[in-house]
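Below are two complexes that have subunit A in common, paired first with subunit B and then with subunit C.
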Partner chain A sequence: MLVNLEVQRFNPEQDAAPHVESFEVDVPDGSTVLEALMHIKDERDGSLSFRRSCRSAICGSCTMSMNGLDGLACKTPIRQLLSQFGESGVADAKPHETISSHAGQAHFGAAATAAPVAGAAVPSSSVAPKTTNGKSVGTVRVGPMHNLPIVKDLVVDMTRFWEKNKSLKPWLVPKNAPPAREYPQSPEEMERLWRPANCIFCGTCYSLCPVVSVDDTFVGPAAIARVGYRFLEDTRDGARKERAETIVEQNLWLCAHCYACSYCPKHVDPHELIALSCVATIEEGVTDNTGARHAMVVADTIKKTGFLEESQVIPGTLGYFNLIGLSSVMPLGLRLLLKGKMPPLLMRPVPRVTEIREIFKAAEAKRY
Partner chain B sequence: MALKQYGYFPGCVAQESCKELDLATHVVAEKLDWELIKLDAASCCGASVVNDMNRHLARMLNARTFAEAEALGLETVLTICSTCTGHMRQANHELLHNERYMKDANDVLARFGKKYSGKVETKHMAWILRDDIGIANIKKMVVRPLTGMKIGAFYGCHVLRPEEYAASGEDPRNPHNMEDLILALGAEPIVYEGRTRCCGFHIQLEKEEVTVNMVGQNMAMARDQGAESIVTGCPLCHLALDAYQTKSLDTAFGKTDLPVFHLPQLIALAFGVAPEKLGIQKHLTDASKVLVSAGIA
Partner chain C sequence: MLQHDILVVGGGLAGMRAAVEAAELGLDVGMLSKIHPVRSHSGAAQGGINAALGNREDDTTDAHAFDTVKGSDYIGDQDAIELFAEEAPQAIIWLEHMGCIFSRMDDGRIAQRPFGGASFPRTCYCADVTGLVILHTLWEQCQRLNVKVYEEWFATALSVQTGVGSGVVALNVTDGTIEAIRAKATIFATGGAGRSFYKTTNGLSSTGDGMSMAYRAGIPLLDMEFVQFHPTTLKSNGVLMTEGARGEGAYLINALGERFMFKYAPTKGELASRDVVSRAEQTEINEGRGVDGCVFLDLRHLGKQKIMERLPQIRELALDATGIDAIDEPVPITPGMHYWMGGIQTDKHGATPVPGVYAAGECACVSVHGANRLGGNSLLETIVFGKLSARHAADYAARISAPDFNANLLESERSRIGAMLANKGGERVNVVRDEMGKAMMEGAGIYRLPATIQVGINRIRELKQRYKQISLDDKGRVFNTDLTGALELGFLLDVAETTLAGALRREESRGAHTRLDFPDRDDEKWMKHTQARYRPDADPELGDKQVTVTKWQPQARVY
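This part shows the complex of A and B:
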């Protein structure tokens, strides 16, 4: 299949700014983006730089942006991108189901099932279509990961990413003196550690995170999931409280809950583990901060009235006597007031609000 | 009898600081002959906030809401907020995929004589318009095409991600229901990268400048592609985009002043309803210029 790759190039020794170079390459149907890049490097331009090692979604080194979305190049078939974006390689708000039925795979299937019946004429539709026909199947745009400085072409400097992981102490602080043999773990205890343990530090989530893109003080999804949550939930670790304090200092609560990190290629689901880390910090009593206060005051208003009461949440979160914090939201509040958009100061409780309190009682009695 | 019945879950924000969204939804529902049966006793969906505190709570509160709908014989709950949609679908997904969660929820519901059997599906209004009415039929109802308006859609994270339960039925990285609707209403949809990104609402109290920057970044992307206004299916996105654009002037992304419409407001405008009847004058980013040049106000 002939495919057009638009690759972002940048050589700091020569270029003032990154530019895009197009390569039309003929690769086998079913190729991944990484295979196409390796083809370019082998046959067309040996100076093209990118990281890769395992080629099977294990080492975590081939993260890049493909059609503007980050992921592992070795785990992303070109056909998949075509099915999401069509031939242009640019999100166009149009359905591409026709391609997503995978012209390539369909012909694989056809070839496999159309077992040759002796003497039967081969119906023309089952003949593998010439995908190339001298015409490329479409364009795939490839660039480096976001949120980290470029070293060359598709290679970025991961230093900041590793620093943030280190800031959460990625090692065990034993609770007791080491046992004579190994530390036993129950299946339930292990279950909590499986998900973070699957993280391969590929940085896809970090690259996708919109908060990291505008605020470098946010520790980011990978560190919270793979290091923060991992050790907060390890029953062998003896430093849970300090960990809770550290992770809050590293701006755990700055997560915007956008779930962009749900595109993690290893299904670690950092967004889930971030929420569970928030729960853990509250459990540890690390609550003198905006994030925890916000969560608690929201829950409180729901308990009282069934509603998330906007008018209570702002002072409750910033602190009723936090004059500086409150005065910074005053101008906005005033504008809302003038436009008649101020939320009611008190909401009338929903009917049978006692049922909601009953639910709170039951839920609070459980650990997640 | 009305053509279609839905359990209506407006969510907290449309009953508090975005009442104009609730208003416009009823206007559109009347035109479409929908009967919206409000789930009066329902609680807040918990948003992402309750998830950060107690996962059982989020599931149980929503199980109660679903039980309310079931008791009224309703299987579809119509939402007008991306955040409600996503979190209610998440709760339902967890209840349906884990018997223990369902049992825990039903144990507490039983204390006040309720039960949830798992039959309710939460759907965003935009999906219901697409699936139950059909974009072509909406187009037929347009009496005042929004000709000349260049509108960027802003989806809101929670109707897109995580894929396993947000499930709009479209590719979440390249969705199209909002653009299809914009086109049907006679306007020009502007596709820009920020349309599937986060508005930053949930952290405005944690660190306002981050929200301001996220709003600035997304709106600059829309502006640069030629959008002159925005439409969103989420009142939280609306609050952030509408209120913080004035501040985005201070960011690296430069000034934007794109008026932001709630989805049903835009539909109602194309159905011939006057802007004043839809609360558009309550928005902080002034829409009058855009409406005047489209010949609407």
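This part shows the complex of A and C:
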């Protein structure tokens, strides 16, 4: 099948900024994005740079952005990508009547146009492709993963990603002195570790995370799920309390619960493990922080009255004796009061509030 | 100059196990890896790791050793195999104590599953991602110990000065600089060379780097003709379907729906050793009982729950590649090139004949696998001999003062690579690479004939000349994977050449090496290892090495 690949290129030795280059390639039906890229590298332009190794979704090398969504190129069939998300068209308003004029060229002096940020929509280069009479199955736009600096083409510098993982102490701190044989662990206890065990550090979730994109102090979904949760939940580990403290220091609670990281090529679904990690830190008594206080006061007010009592949530989150914090929200309170929108300070419980309390009780009893 | 007591080249299971041991012993260790360690192909190992823990049945290390000797078709070195089997239980317990995640029995002990060629259920596993969990455990330990990692550094040549190994020359892929890294002891743990075949289960990084670097520096390669074909690989992309599937009870069926394996292995059936099963499949296919070059792996009777619990990864890999859901339909599979039994000659402690140079894992030939490796023994080899090679390298490093780096090597490597970058008008890397792959498929496949092997040898000889003229598109310094691909191709050509040379020389059929013109094993003449030595600009010099037999005399091998 013919497919048009619009690949973001950046060579730091030549380019001031990234630009897009089009390649029309003929690859076997059923090919993945990675296979198309390898075809380009082999047959057309050996300077096209990307990481790859296992080509079976286990090494985590080939994470990139494809038609705006990040994932493993080796696990993304071109046809599936086109049928799921349609043609890219993000920055290309013209029909994809394209053929590459670059076959065999070693270097591209195309005037780079803009957008030095990884994965951002970059305009096509002026070396415009020509017609193919519409035979191409579609256009795949390929760019580097987001939230990390570009090294070259689709290769990014993952140093910060690895540092975030390391910040959560990714190794077992044994609870007990090692026995002569294995530490016993039941199939159910092992089962809790199964999902994080499937993480391959591909960084898809880190690349998709909108919190990481605005605040690099956030440790990120992979680290929380694969390192944080995995060791918090390992019955052999003896450092649960310290881990809870560390993960909160690394801004666990900055997670915005947006579910972007649920799109995980290995079905780890970091978001749910982040939520469970939050629970674990509260279980360990690491509650003297905004995130935990907020979660607890929200739950408490609902348990008490059936309502989210907004008048309680703000002081409850900031701390009732946090005078500086409270005074900073005073102007807001005053404005609400003047507009007649101040939530009531005391709320009457809804009828049959005990049923709501039963729901909480059941939820708290069944963590998994 | 960069320097360490111990330099480990390769960051997969064997390399990280060696680095962890050296760090635990308090040595200054550096670990160089051309890809980030967690990207290593060890992580693609699925089915498990063998050890006679006896958790399910009363197994013994002696039974493990014997099964391995029999699996090797009696050409494995029995002193090394006995050590290997004895070290196994402790190796697993060590991994578990480091936090490795294993599937468990109800009583909390590590679960074990049956595997090919094993007389007991001996294979410890974590569903079908065993390599990944062990790889991650070792990476965790490397971080705990703050092992110095040369991440995305590509070793190009081994330094040997006055007969003593003293480190490597390496390319820092990120910025293109070429440096010498001096070490008292160098441990190669660079994995296999599957990419010398056009189609393989191996990832794109399995390019025989260490084998070739050691060979060029004068260390012999052993038993290179023994190449394992895994019985269950996907036709379209060569991806592995674990032996654990058959361990869990999956059937192999032909186009007629028959379970054909009992014709070839009356007792073990699907769980005969890999060489036997692959040959049986190929025979079924050749005799017209296949479909489109495949037979079928049938998991249906295992049921959805067991498949999702024990084999979820392979179900998804097959689904992604073929659209077939193994829960509902048999998966078409074909034997595929998988593993290199041969490699860098070492003793049972990982030491090569050159002092200061060690090797462990797939790149080494200790030899514990002989002519055919048992499933579950390769992960074990990395853990056992990774550790032992580091211990012995540490002892060695404590005894010597820092050796001299080969004075000319850094400059000659810089100029070799500079010339490669500067060359214009030659062939593309992939042209030579693909021709090599096809020559190996034809010359070094499951069934071998001297005429086709010779064709392969001639082709590789020719390709080695053409390789000198290849030219690259990428002339830059930063992250030049065009360049590393070309350097890898150079390594692979050495592997291909020695493999075909061994295949032509060994006039018998043993383990994975099947010569149609010599269909029987010949213990009189060939109970010995093939040894290949490098000669600059000439064919390899071939010789023999004695096989060590301790207590198991060769017998007929029936499964």
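Heads up, the rule we're going with is that the second predicted complex is superposed on the first by the 287 of 368 C-alpha atoms of A that agree within 3 Å, B and C clash if a C-alpha of one lies under 4 Å from a C-alpha of the other, contacts with A are read in each partner's own complex, and residues count from 1 in each chain.
The definition used in the following text is that a residue touches a chain if its C-beta (ideal position, glycine included) is under 8 Å from a C-beta of that chain, and two chains touch if they have at least 3 such contacts.
This one's a predicted model, so the numbers in the text were calculated from it and none came from an experiment.
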**Prompt:** Which partner reaches more residues of subunit A, subunit B or subunit C?
**Reply:** B
**Item:** First, second, both or neither for A:239, with subunit B first and subunit C second
**Value:** neither
**Message:** With both complexes overlaid on chain A, does A:291 touch subunit B (first), subunit C (second), both or neither?
**Reply:** first
**Asked** Which partner does A:302 reach: the first (subunit B), the second (subunit C), both, or neither?
**Response** first
**Which superposed partner A:352 touches (first subunit B, second subunit C, both, neither)** = first
**Request:** In the overlay, answer first, second, both or neither for which of subunit B and subunit C A:57 touches.
**Result:** second
**Request:** Check the residue A:340 against both partner chains and state whether it touches subunit B (first), subunit C (second), both, or neither.
**Result:** first
**Item:** Partner chain in contact with A:211 - subunit B first, subunit C second, else both or neither
**Value:** first
**Fill in**
In subunit A, both subunit B and subunit C touch residues none
**Message:** Residue numbers of subunit A touching subunit C in their complex, please.
**Reply:** 11-14, 30, 41-43, 45-47, 49-61, 75, 77, 105-107, 151-152, 155, 158, 162, 166, 170-172, 174, 178, 180-187, 189-190, 193-194, 197-198, 200-201, 231, 234, 236-237
**Complete:** Counting only contacts in the complex, subunit B reaches subunit A at residues 12-13, 15-19, 40-44, 46-57, 60-61, 64, 86, 104, 107-108, 111-112, 114, 153, 157-158, 160-163, 170-171, 173-176, 178-180, 189, 191, 193, 195-198, 200-203, 205-210, 213-214, 217, 243, 281-284
**Item:** Contact set on subunit A toward subunit B in their complex
**Value:** 68-69, 83-85, 91-96, 100, 210-211, 213-215, 218, 253-260, 262-263, 269, 271, 275-276, 278-279, 282, 290-291, 294-296, 298-299, 302, 306-311, 313-314, 317-318, 328-329, 332, 335-336, 339-344, 347, 350-352, 354-356, 358-360, 362-364, 366, 368
**Item:** Footprint of subunit A on subunit C - complex, ascending
**Value:** 35-36, 38-41, 43-44, 92-93, 96-99, 101-110, 126-127, 129, 132-133, 136, 139-141, 143-144, 174, 203-205, 236-237, 239-240, 313, 316-317, 320, 428-430, 472-482, 485
